[in-house]
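The structures come next, written out as structure tokens.
Two complexes follow with chain A in common, the first pairing it with chain B and the second with chain C.
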Partner chain A sequence: MIRPPDYRRRHFPAIAAFVVLTAVIGPLLSTSRADQFLVDLWLVYSIAVLGFYLVFGLAGRFAFCQTFMMALGGYTSAWVTRDHSFLLGVVSAIVVTALAAGLVGFLIRKAQHFYFAMATFAVTQIGMTIVGQATSFTGPNGQATGIAPPSLFGHVFLQDADIFWLFLGVLTLCLILVAFIERSPLRREAVAARENGLVASLSGVGVQRVQLVLFMLGSAFGGVSGSLIGHWQGVISTDSFGTDLSIGIFLMLLLGGVDSIWGALIGAAVYVALPRLLSGIEHYSSIVYGVLLLVVVLAVPGGIAAAVRRLPRRFPRRFSRRVADAEG
Partner chain B sequence: MLKAEQITVTFGGVRAVSDVSLAVPAGELLGLVGPNGSGKTTFLNAVCGIVPARGSLTVADRPVRLGRPNAACRAGIARVFQAPQTYGELSCLDNVLLSTSDRRLLGLTGAWPARPAMWKRERARWAFAMSALETVGLESCALEPASLLSYGQQRLLELARALAGSPSILLLDEPSAGLNDAETAALAALLGAVRAAGNTLVVVDHKIDFLDALCDRLVVLELGRVIASGPPDQVWRDDRVISAYLGVASDAEH
Partner chain C sequence: MDKFVALTASGIAYGAVLAVVALGFLVLYKATGVVNFAHGDLVTLGAYLAVWTTTSLGLPTVPGYLAAIALMGLVGVAIERVAYAPLRSRPPMVVVIATLAAAIVIRGIIAVWQGSEPKTLAGPVGNRVVHIAGAAIAEQRLLITGVAAVAVLALLFVFQRTPYGRQVRALAADPEMARLTGVRTRLVAMGAFALSAMLAALAGILIAPLGAVDLNFGFGLMVTAFAAAVLGGFGSLGGVVLGALVIGLIQQLFGGYVLPDYAATFPAIVLFLVIAVRPEGLLNLTRSRL
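On to the complex of A and B.
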């Protein structure tokens, strides 16, 4: 039986290797509180960028509202956990963000490319303003404070070192869910809908349905990420999810690579680690970001993940050429 | 099988297709010909819902809503475009799988909770898609990205994708364009075999020998209207067809 190439990729061994590697290296990297914070931030941002991968990388919809979905998830979870458990808070964040994305996505289902980006940007602006004003839902001045720390099965995650394991667990679950999609007919339908919707619909692909489902799912990932950030930090405000982060999410996926689930993780790592690595030259960090982005766009359009994927193919060729030269 | 009545397509003030009515019985191979700009491709576009059109369309006596590609697909209309429309990033097998007629468990339900059932269906779909690739002779390229195929191969891949949907009627737009004589002969043999398997086809083309050998009947369009219809030898003797292609004698004298 011949299997299509997507079913031949080794997603699950790669995820297992990633989890083991992160579980070993993560605590080693976290030598100070600041470093532990950055590692946790990387994991939680990765969840949001993985969601954006589904929306933009897979479905080809440039949604500028991922940070709004993070904020909505964060506030929803904070509001629910005033009286209920952490788990119910996260589930509510998932449901509310998926429904919000479903409503927005349905209303602008025919908007393409740039117009979809503009419409979702407008949704972010309107949504953030409403959320900021709805003080009974969020808190004074749109600031939710005193959010309960995450707790599961009687264990309360108070320390950042503890939070690391929670975030790694949630990210692993998200990776597995996305890997299941990568190894399913939904992937080929999404690629077809993204590349040529008209021909896809003539073949029977429900283009709008596929794109809406992935938009809802990706937004729900954003909701989970926002909810986790809220419970981790204990406080969130509209400033936590500003335009900087909106552009940041896009930057992370672009740097990491839009056509692979690993691009989201690599990009988030670079984005989070860069300010720390540039601690001597903070004033030039914008220039470094800009140059890095230019390098990626010009030299490795597929992002860092694509460049890494090409390495094994490039090196043996060089090696064999050298051997041939030496023998010749 | 397919019955189109008074199909009209207008672009601004231009009537690209004007009240075209034609019926294609099941199992027929119909050739649609006409000079450039006569509305052949636009008619195919109207039938498969790509352009807004007026008129009525039925497939197997069931009405099909015009202007909706999904409705045309559900009615069993498949299309092969003049310029191959394949997905270069996807493998040839995936390209063919897109038009599967078994559309259950293709979404999130199949990806997550119903994985075992999805796998079972997928295996059947892979086997069926492979048989479509074998029909057009591309089985050895099944796992290659479609972008690596030659122009002629991409056209065959599109034909395989159209066949894999088990369509009621297959519309082909200039399938022989860009092919050399040997490739055209191979394509004619392939389309003959497709037709012999019980399929109904409408072929738009400019190569007269190719159409004559293949088609039961030709319909000739000029300026968006049907000017002749019948067996190939009869149609080519029709004065209106001769004047549409060559101009009238009085034009030459001036």
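On to the complex of A and C.
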């Protein structure tokens, strides 16, 4: 049997290694409450950014509504779990965000590049205003309080250290799902559609269908992430999903790298860890982010993940070149 | 009736500011092909600079404003040097990301420099009002409309009648050809960045006295202006001005009469509907005839 080239990227061993490594290192890093919070935040942001990777990295759709999808997922889940279980809340968050993305994506299926970006931005603005005003659904000023903590099979996740395992589990499931896509023809079609839509559709790729599917899937990831944040914190408001986070989601994926699933995880880690590492000059953190982004774009357009991937290849080459220079 | 007149007046004033924002955005787009995500933050920066020149430096309002606008020209050139010139040969997406980085840096600098407390900018005419058809209209709004109209006309003149405008239009039509016929693209690009930043500052200074200036002040304005630009066909300058007035009037009239709580979403709804129905804009007749 011929193995497709994508299989050579060994997704599943890599995911297994990542999960084991995180399971070992995560609790070690979490020596204080604040650090535990950051580790959990990294995992839950990673889920949203992984979704954004599907939309922006794979499908090449400049969507500005991932934070709105997070908010929608969070509020949906908060509303459902008033009477029902946590699991049903998460599932309904997935369904609602996927349907919302499906509707939006269908209406603007022909919009390209910046038009798509701006239309999705408009969706975010409209949605957030409605969420803020619809007080019967959310609560006063768009703030939903008293959201039940996550509970699965009778176990209630109350401590942040407990939540870590839940988030790691969900992230693992999401990674496996994305790995399936990475190994499937969907990835190939999405890349073809992204690189040249006309040529792709002439060779039989349903460009709009592929992009719509990935947009729905990526948004559902955002819904999961938002729902988890809500249950973890017990409170969500429109401020938790504001402009800063929507720029932040972009930043995470671009810093990490748009062309691999690891970029999302690395970028989220950098984004979450940076304010902690810069303690003392937190005021300047957004300047640091911006400069970092500029440097990454200039020096390694593929993001940190691409730089890491290229390292083993680059060093021997540079070495051999130097040897050749010395000899020649 | 007086309510209608008041709302119409504020709609026109708002639309005029939107036109200035949108034109600043388009000048850069036409000259360089760059969609500048930092434009909104340039609007914010312009307003903050005006606050600084008039309060900290103690300049009178109008010279203070002019100083702020001049400074913003330098800021535009600086952005061109840092975030655009090194990326000239890269794909457009990289340049867009660089403008996003510039936006984040500008935002961070403002936050460090001025803090996150909202500021107010004193207008040159204070809080005086005039009465037209029974409606009290702030003189600032009339001033906005007048200044914006002058700026738009001046810009149209520059585009249609001067060598610089011709070069920009040549670049917009066909960058390769323009370069071959001797258009100095780098100079034109630098000029466009400066002009665009100055227009952003002008818009920020015009509208700031009507409310407060905070970090997100320009960002929302930019999105609304983008709605106007899309409505106007994203290319023709006249169409953009018309689109801006339509959006301004829709926001004020619908917001005033129908759903005040949702006024801010009307431009977003219009933007979304236009993109859903006609992804290339409403007034883009020439291209659809082609």
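The rule is simple: the second predicted complex is superposed on the first by the 313 of 328 C-alpha atoms of A that agree within 3 Å, B and C clash if a C-alpha of one lies under 4 Å from a C-alpha of the other, contacts with A are read in each partner's own complex, and residues count from 1 in each chain.
The rule we apply is simple: a contact is a pair of C-beta atoms (placed from the backbone, for glycine too) under 8 Å apart; a residue touches a chain by one contact, two chains touch by 3 or more.
Since the structure is predicted, the reported quantities are computational estimates derived from the model, not experimental observations.
Using the contact criterion defined above for the overlaid structures, shared-chain residue A:Ile261 touches neither chain B nor chain C, since it reaches no partner.
Contact with chain C, but none with chain B, is seen for A:Phe114 once the two complexes are overlaid on the shared chain.
Touch criterion not met for A:Leu58: it reaches neither chain B nor chain C.
When the two structures are aligned on the shared chain, A:Ala220 is found in touch with neither chain B nor chain C. By the touch criterion defined above, A:Ile181 reaches chain B but does not reach chain C. When the shared chain is aligned, chain B comes close enough to touch A:Arg3, but chain C does not. In the superposition on chain A, A:Gly206 contacts chain B only, with no contact to chain C. Once the two complexes are laid over each other on the shared chain, residue contacts for A:Ile126 go to chain C alone; chain B is not touched.
Using the contact criterion defined above for the overlaid structures, shared-chain residue A:Ile247 touches chain C, although it does not reach chain B.
No residue of chain A lies at the contact with chain B in one complex and also at the contact with chain C in the other. By the touch rule above, chain A contacts chain C in their complex via residues 107-108, 110-112, 114-116, 118-119, 121-123, 125-126, 129-130, 133, 243, 247, 250-251, 254, 283-291, 293-294, 297-298, 301.
Within the complex, the chain C residues that touch chain A are 35, 82-83, 86-87, 90, 94, 97-98, 100-105, 107-109, 111-112, 216, 219, 223, 226-227, 230, 261-262, 264-265, 267-269, 271-272, 275-276, 279. Interface residues of chain A facing chain B in the complex, by the touch rule stated above, are 1-7, 177, 180-181, 183-186, 188-189, 191-192, 195-196, 198-206, 209-210, 213, 217. Within the complex formed with chain A, the residues of chain B that make contact are 48-50, 69-70, 72-74, 78-79, 81, 85, 87-91, 93-94, 97-101, 103, 105-108, 110-112, 115, 118, 122-123, 125-127, 130, 142-143, 161, 165.
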